[in-house]
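Below, chain A partners chain B and then partners chain C, in two separate complexes.
Right, the complex of A and B next:
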């Protein structure tokens, strides 16, 4: 009996490895991708191939774009590649360090290696310096990986011209040509028609009203900085208003939110007073800085409105949440109010609370209306031609969109701007 | 000062002191410095109500709050600007001795000549204070406006011009290749959001909206006849958009009001929990 049991035990022990082989294979076949983690890590995966690193185009430098063909064991073969690691060194033989904080997930075949341009940074990546790249295909055990061949040397550099922005350049050139043509026509005395805009025509009336009432004009440049297009347009309107104010000897109040805007506004108002031949009437304190806190500024301007009771309030520039508070207070004070902004979310508030509102581009056009100078009139006409061109492009685009396929893609490509 | 004004002032002062004492007692179990916290809370409520009193009319309480708000915010901005921009960013890159003076770590190896440009421009801006050399301030101003306007120009052209044009390239008969004749269209008529009818309608609204909106912004042509009608449609579309935007923003502002009301009734008066 004992021999029989010993024989059976020996047979059982012998069968265990075979059964593991047999059932292991079946199990693997049945579960597909559910191989145990340990078995994945045991074998070295195939390395990535076709590794390439190039200087990233159309940027300021300090960046490489690395591409490769994924490992044969990524999604196929042994299926044991879980991550990729991009390694870089300035020496092909040693000192390779991982780029980026995290490893790349399987399936990844490209990486943009952006270094810092600041020398003091740990991640500083010098331009015109040789670098070498290597990609590690890593299994679940980060110590078990296959390295690709080394690619390099490669150097990064910044470009002077961003080819991705060619559509913008073309648009600028077209617009410039149109503007120059119409400016030349205006200078030759061509009669360039401009349709009347109620909001702009009201400016002269509002200044006259203030003069008759002996009350000041409150001009608000908004919360935008001097770099905002709306603020720049507002400067032009302020110039015109200040000149008329100087001629009529009316009081002008310009509370400013931004110190730079205040400085520019002071210069503009002073120049306008000089143009009107009344530089002695210019008072620097009429253009003053309040604060750079949004609602503190509003509180101060509201107070001014109720204390000075201006005959006319003009809001021209960039406005945010304060638009309705200002316009409502101005309406309560009984002032005539003219507003203009390109901040779409704020236009509704001005529309409901002001007597006249310049909507979006009308603000930019206002300067041309008020100045009637050939350059401004020409640019206005040029803008209109650009709009006509947009309408034509829109129609072509809609037609191609209905056709679909490559025609649409090719047409869309013309307008694609890359950063 | 008139007698009535004095009475109002005395009443407000009394209420303030009463609130301060009551809040101080109420906060005894929460804060160690309960009377200080009580004062801060009462002062916050006083300032809130002072600003709200503007709804009645301009008054000394509003003026006090306004001047306090403006003064504190302007001073705070200046202090923050000095310590974060000049001391925090510039000094440690330029001078070791100045860094030691301000007791901040000097960033060795970061010296760059270009860091002197903002210093020079800043000093030139301050030249406005001098009548003789005031003209110098125009140079940095020209630089600031010219550079930033140029940089913004590219951004605007991309986001407001080329991208917007490309976004209007939409099929007016539903997705490309989807149109299979009028019979098929009516037999599969559906009001579902992804259906051909709804897609067509929304695409037509976009196309006509942009088209008529552009017509409205034509300044060098008289808005009469068909052109005028298209312009009229354009302004209608703009106004409908503004109406929707108005309603949406007003709802956001009401939440701000709710925040202040909650502060008054919950944190200050403790009426609501």
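Right, the complex of A and C next:
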């Protein structure tokens, strides 16, 4: 018994130094953390320098662009700057308020302070009013920060013209002049050569084929809204196709993804039937709304393809992931397929699965090609000339970029667009 | 008259929007016009629903070909409409969101529509395979180039590419298949894409000008009737 007590006592005495070691270490670690946190919290970072605020140029006013040199402790020195806070007041001595909902991350050296132009807004920022700016460099503890000196007063004002977009304006004017010149030439009867597009030339044959086979033509306007240029281009092609369809008395099916597109398409098809003198043949249910769910639309159109087995499928407009599912189903159904889209990612799918594809801009030109009206062809010629001018400018740009020199750099600056 | 008024509206609004790009005081006018579009879109939803019912009811009544599909469409439409409108199964009162957890509308969306949509999307994998088979047949010179490029990219995006060509010394690393794949994507492919993009941008400008100036008026129907 005594031996047992002696053993336990010895064990206890042995454990004391170890326990002291363990608890001592914990304590040291804890005090170390405190010291570290205290040192972070108590050391003020260096303030930002060279603070400037200017009225943001080329805008409608109510905006300032604030710039500064980052704190010496941001990324270097004590490395204790985590955020910056842009503060503004209409009084240099007091009531500075933070601008923007979030603080700026370390490394930031510029901020565009956009106020509201609506007087009823809490964020209203009046033009021609003095404002003062200050930047706070903030540590991990948001209560510990260094403020810069105050910059101001500075006033905002709006401009009537955005000088940064002058190159765009010049380009639009040149483009407009080129278009007008070639339209005028076309009106005078000039013989304008436009390169043939296989996809366009196939439209007539495709409609003829459908008539001979006694099968319908399926026209798909894509998933775009009526406000998208690809859909508008598709409307113009639909108009030409519908007129021909009416003349040949072939059945036309136009399933629509968007209700507004459906309404416009109904009107276009009806007008085309009227122009062809066959308004009685127009059936309102031939242009119908399906759904605004992408894959439900695909399921419905694929079903129509496999049940109706159209002789010709035309896909013109905006297409996304459904392009290949539609085009492959059409190919399986044995239809002649003509497609056109300005969605670059979908063009390869259409090229693979369709007989003819209008690539990008060809979709917009299709209506002019189909109509063969001189004025429309003239506008296409203007577009071609603009493209030639861009190619020449690109070559000059590549050469000047590689040769270098101040004069050439100034030349490149002429084309710089600032938003 | 039927065509002159839309042409005048197109011209005025189009010119205003072009000018607004260069004049900061009216640069947000496009957003304001967007609000009008949204208002019209609300009414268009009724048009869409109305057209759907009209077309499919017509088919059911006439017992046209495949009228059974129309019946499914109409039943599905009204089922979702009623369940959504009356918030059947939704926890709480009528003010609860229609998509709240447990509402039948949400359940039908999650357990019916989502799987059906996923199924359709999954079909894409099979169609990609069949389309690739057709596209990559080396029928002529262009198709052969396409086949070779596709093979390099497929190989370059898998570990096998590095395994096969990893031994090529660093000074000739461009010939390692993964690097070759990156070069194809970043140089010839990107150049082609940019060319198409420039063409599209010019085409958009030209098309817009044709519409604004009234040169292109086929979308209004008719050729010469004023």
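Here is the rule we use: the second predicted complex is superposed on the first by the 270 of 419 C-alpha atoms of A that agree within 3 Å, B and C clash if a C-alpha of one lies under 4 Å from a C-alpha of the other, contacts with A are read in each partner's own complex, and residues count from 1 in each chain.
Throughout what follows, contacts are C-beta pairs under 8 Å (C-beta built on N, C-alpha and C of every residue); 3 or more make two chains touch, one makes a residue touch a chain.
If you're wondering where the values come from, they're calculated on a predicted model, not measured in any experiment.
S.K.: If we overlay the two complexes on their shared chain A, which of chain B and chain C does A:296 touch? Say first, second, both or neither.
M.R.: both
S.K.: Determine, under the contact definition given at the top, whether A:240 touches first (chain B), second (chain C), both, or neither.
M.R.: Second partner only.
S.K.: Which partner chains sit in contact with A:408 here, chain B, chain C, both or neither? Use first/second/both/neither.
M.R.: first
S.K.: Report for A:337: first if it touches chain B alone, second if chain C alone, otherwise both or neither.
M.R.: After superposing on A, A:337 lies clear of both chain B and chain C.
S.K.: Identify the partner contact of A:365: answer first if only chain B is touched, second if only chain C is, both if each is, neither if none is.
M.R.: It touches chain B and chain C both.
S.K.: Where does A:400 make contact in the superposed view: on chain B (first), on chain C (second), on both, or on neither?
M.R.: first
S.K.: So, does A:172 touch the first partner chain B, the second partner chain C, both, or neither?
M.R.: A:172: touches chain B and chain C.
S.K.: Tell me which partner A:120 touches in the superposition: chain B (first), chain C (second), both or neither.
M.R.: A:120: touches chain B, not chain C.
S.K.: Counting only touches as set out at the top, which of chain B and chain C does A:376 meet: first, second, both, neither?
M.R.: A:376 contacts chain C only, not chain B.
S.K.: Using the superposition on A, tell me which residues of chain A are in contact with chain B and, in the other complex, with chain C.
M.R.: 165, 168, 172, 227, 229, 232, 260, 263-264, 267, 289-293, 295-296, 299, 303, 307, 321, 324, 344, 347, 349, 351-352, 359-362, 365, 380, 383, 387, 390.
S.K.: Across the complex, what residues on chain C touch chain A?
M.R.: Checking each residue of chain C against chain A gives 18, 21-25, 27-28, 37, 40-41, 44-45, 47-49, 51-52, 54-55, 58, 65-66, 69, 113, 116-117, 120-121, 123-124, 127-128, 130-132, 134-135, 193, 196-200, 202-211, 213, 215-216, 218-223.
S.K.: What does chain B use to touch chain A in their complex?
M.R.: 51, 54, 57-58, 62-63, 65-66, 69-70, 72-74, 76-77, 107, 109-110, 125, 128, 137-138, 141, 144-145, 147-149, 151-154, 156-158, 161-163, 165-166, 168-173, 175-177, 179, 207, 210-211, 214-215, 217-223, 238-239, 241-243, 245-246, 249, 253
S.K.: What residues on chain A touch chain C, complex-wise?
M.R.: 58-61, 158-162, 165, 168-169, 172, 175-176, 179, 183, 227, 229, 232-233, 235-236, 239-240, 258-260, 262-264, 267-268, 270-272, 274-275, 285, 288-296, 298-299, 303, 307, 321, 324-325, 328-329, 342, 344, 347, 349, 351-353, 359-365, 367-368, 371, 375-376, 379-380, 382-383, 386-387, 390
S.K.: In the complex formed with chain B, which residues of chain A make contact?
M.R.: Answer in residue numbers: 118-120, 165, 167-168, 171-172, 192-195, 197, 225-229, 232, 260, 263-264, 267, 289-293, 295-297, 299-300, 302-303, 306-307, 321, 324, 344-345, 347-349, 351-352, 359-362, 365, 380-381, 383-384, 387-388, 390-391, 393-394, 397-398, 400-405, 408, 411-412, 415-417.
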